[in-house]
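Each in structure tokens, the structures are laid out below.
In the two complexes below, chain A is the common chain; its partner is chain B in one and chain C in the other.
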Partner chain A sequence: MTDNKSFRFKIKDNLLEFKINTKIYSLSAVYQAAYLFLDKVYILLDGDPQKEVVVIMKEKSSFASASAKAMADKKASEDKEPVDLEKIAGEFYNELLNQLLREKVSQTNAKIREYIVSQALYNAVPNEVDELLKEVEEEDWQEDPLGIAKTWEEQNLEGKKSKKGKMSKKGK
Partner chain B sequence: MLDLKTIEKLDSKSVGFFRFKKLNGDYLLTNDIGKYAFLSETDFKKFITGKLNRKEKIYQGLKKNLFIKDKNYQAQLIEKYRDKNRFLKFGPSLHIIVVTLRCNHNCVYCHASAGKTDDKSLDMDMATAKKVVDNIFKTPNDAVAIEFQGGEPLLNWPVVKFIVQYAREKNKLEKKNLQIRFVSNLSVMDEEKMNFLLNNEVNICTSLDGDEETHNYNRVYLDGNSFKQAVNWIKKIDKAYKAKYKGKKKNYYRVGALITVTRKTLANYKQVIDTYIKLGFKTIYLRYLNPFGFALNAKDKIWYTPEEYIDFYKNALDYILEKNYQGRHFYDFMAVTYLIKILFNKDINNLDMRSPCGAGIGQLAYNYNGDVYTCDEGRMISRMGDEMFKLGNINKNNFEQLINNDLCKSICLASCTDGQAGYEDNVYQPYIGICPVYNYSVYNNIFQAPKNNVKYMIDEAIIEYLFIKLKNRKNKDIFTEWVEKSQTREIYR
Partner chain C sequence: MQSIKFNKKIYTLEAVEKAIEEFKNLADFSLKEAGNYIEVKMDKTDKEVKNILSDEFANYVLGLMS
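Presenting the complex of A and B:
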């Protein structure tokens, strides 16, 4: 069994185990970092997400990188050296820092990115609402030949005015 | 190495969004519009903590490439992001027509699973051909490229002729930017057919797998020497093109050539490239095998591991660069596709190297019987007995029904790298593409994470190698020249 004090990980029976303080590293950074090792090792996450996550990694019996149907018969795995779990642990710690930075950069720029993408694509793709508005604008309803767009007041006021006009004419 | 203190001091006011990776000792940074920068570890730390000297070249470079926020940051990013994704607005421009599935070759890797030469039930009829052309012109895209694929289209020549004439006639009214491309093994070409194609400004493209030994190993032709036939016609057509357009066009057409890299090519890469150069080609397209059609049945004869292909590609690219150092202008089209994204931040119509890919929204494939597929690869899967990527049939469905459906939307979603695990944080996200048909063929799922994905592994390695090469100023100048020269040949849509 290897017990590395400075890095605090254990290796026993091809199992690598270490703990991560979730007050320093966010859970999403742990998930993202773990994701990057899926092709090399099997990963189990355990522990208390509020305090400390336990990461357990197991070496894959064969490196399954070349699993494509057509390439399966010539797996690259056959010539690969076994996975060095101690090295994996070190790489995982480094990757945690990378993920932490990625997360921070992503969070601090989330709103501006959303705005940029929506503004860019809003004008790039013909918008359904814009199309409808354009159609409506092109229609001749604004001419209102039947006078149905006028309010009651407008209709009656106009009616009275014209009646008055006519009457006054008559009166003259 | 990064440390917690530096990360905590991230200067969110000045640092814009970026992705990063440590590459050969430096940090490689990319952003949403595809700009890139290399920073030493010291400068990287200064950058994220906002401590770079504003007068320094590094700061100015990062600002210009929109890694640093200033008053113009937002407006410029909107404009450039729109420009990078402008293809989203246009609709399908590439229309692949299979006028016959018959072929007179028995290529070991035939992705299309071509049928026997005498099986005329695999031919497209005139009525279907007319409906196909009518449908093509319904695309909202102003740029239309009709591409004849096979089978061998020369075996159904009357329908080819009809489509070319009808499309040219129809375009007099439609006034689209119409390109017609003809992909053939040229084995049954004759003067009359050649002149017809030339007179109708049809671009001719053939398969050329390199030197005679490699080509004839891959492309089995029982009625003659496939390599000699192809080369003979390449020379003849080039000569005719030159004579026809001499003094009229600055860049007259040349026969295009496509190579499919098999196990045989790996060791012969120098001979293959030399053959292309000797024949006067300016480009080669070092495409890897796809897991479709007959290629799946020829594992021992033609397949390689991804690592073997990647080694081959690096060797071949180095050899091509060497030729360029010696003054020969020659490039690989796959490299140029990525370099256009990296250096010019544009996406060209190389549809399976794009996000989202071109299936449905950028291209449609029409089979001999009128069946319509998301793409040529989808049509190849159909030949293997699986209609997963069939959008409909030209006799039953109109243009809107073919495009506006769940299959088309699903493929689009599956090929979009934004927000997908493994792609979203990836430093190469602005450049990489997903092919859902490839994923489906290999992994039985149109969604497949990059980890363990062979296509991703190869694409990533190629892009990474290009970045490593880009660090050298001389290479960067050569790459820029490749991109500039290639622009005169391609439609940007």
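Presenting the complex of A and C:
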């Protein structure tokens, strides 16, 4: 077993193990960083997310020997550079910092981002007030089917005239 | 038989179950919750993937968590 004190890696049986302090790096940053390395190594996470997350890495190429297909994969992988777990672990730490920065920037810009999105949505959706005004403008207000626009005199004088006419006819 | 343990504080049961659903053609999976861990056992594993199945499975579950 080797122990690199500067980064505190432990390597045993093609397994590399190291701990991440979750008071410095959030669990979501660990997830995101791990996600980016899934194509290079096998990763299993353990530990307590409140204190320390243990990252266990395993080389992918060391298992390519079981079947004919795997043999072909092995031949292809031999042409490539061998996976250096320590190097990948170092890159993992760098990626953690990168993800942490992304989170911080995302938090800082959250309000500005929400404002921009809300403005974009507001402009994209037609304004209700504008639509109502347009409807009112399109209506023909000069039509008066219920007779609302007539004055009291107009309505009542017409009624009296018609009554008078009827009375005079009766008197004759 | 192969088995792998997932820490409940880091991996969700939903992610593990979804991964089992995706990998069900490659082995017979059984799931058991024991204390702080979700234990997944794999039996009758497809020969071609026997050596890598548990590790690929773990990676897949982690991918679902991200």
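To be clear about the criterion, the second predicted complex is superposed on the first by the 104 of 172 C-alpha atoms of A that agree within 3 Å, B and C clash if a C-alpha of one lies under 4 Å from a C-alpha of the other, contacts with A are read in each partner's own complex, and residues count from 1 in each chain.
Note that contacts are C-beta pairs under 8 Å (C-beta built on N, C-alpha and C of every residue); 3 or more make two chains touch, one makes a residue touch a chain.
Keep in mind that what you see is a predicted model, and the values were worked out from it rather than measured.
Put simply, more of the residues of chain A are touched by B, taking chain B and chain C as the two choices. Judged by the touch definition given at the top, the superposed model places A:58 against chain C, while chain B stays out of reach.
Residue contacts after overlaying the shared chain place A:101 against chain B, while chain C stays out of touching range. Within the superposed three-chain model, A:119 lies in touch with chain B and out of touch with chain C [touch as defined at top]. On chain A, the patch touched by chain B and the patch touched by chain C overlap at residues 32, 35, 38, 64-67, 69-70.
Against chain B, in their complex, chain A makes its touches with residues 24, 32, 35-36, 38-39, 64-71, 73-76, 94, 97-102, 104-106, 108-109, 112-113, 115-117, 119-121, 123-126. The touching residues of chain C, counted against chain A in their complex, run 4, 7, 9-11, 47-48, 50-52, 55-56, 58-59, 62-63, 65-66. Contacts from chain B toward chain A in the complex involve residues 1-4, 7, 10, 12, 15-20, 32, 48, 69, 74, 77-79, 81-82, 85-86, 88-89, 289, 291, 295-296, 299-300, 303-308, 421-422, 425, 441-442, 449, 451-452, 454-455, 457. Within the complex formed with chain C, the residues of chain A that make contact are 27, 31-32, 34-35, 38, 42-50, 53, 58, 60, 63-67, 69-70.
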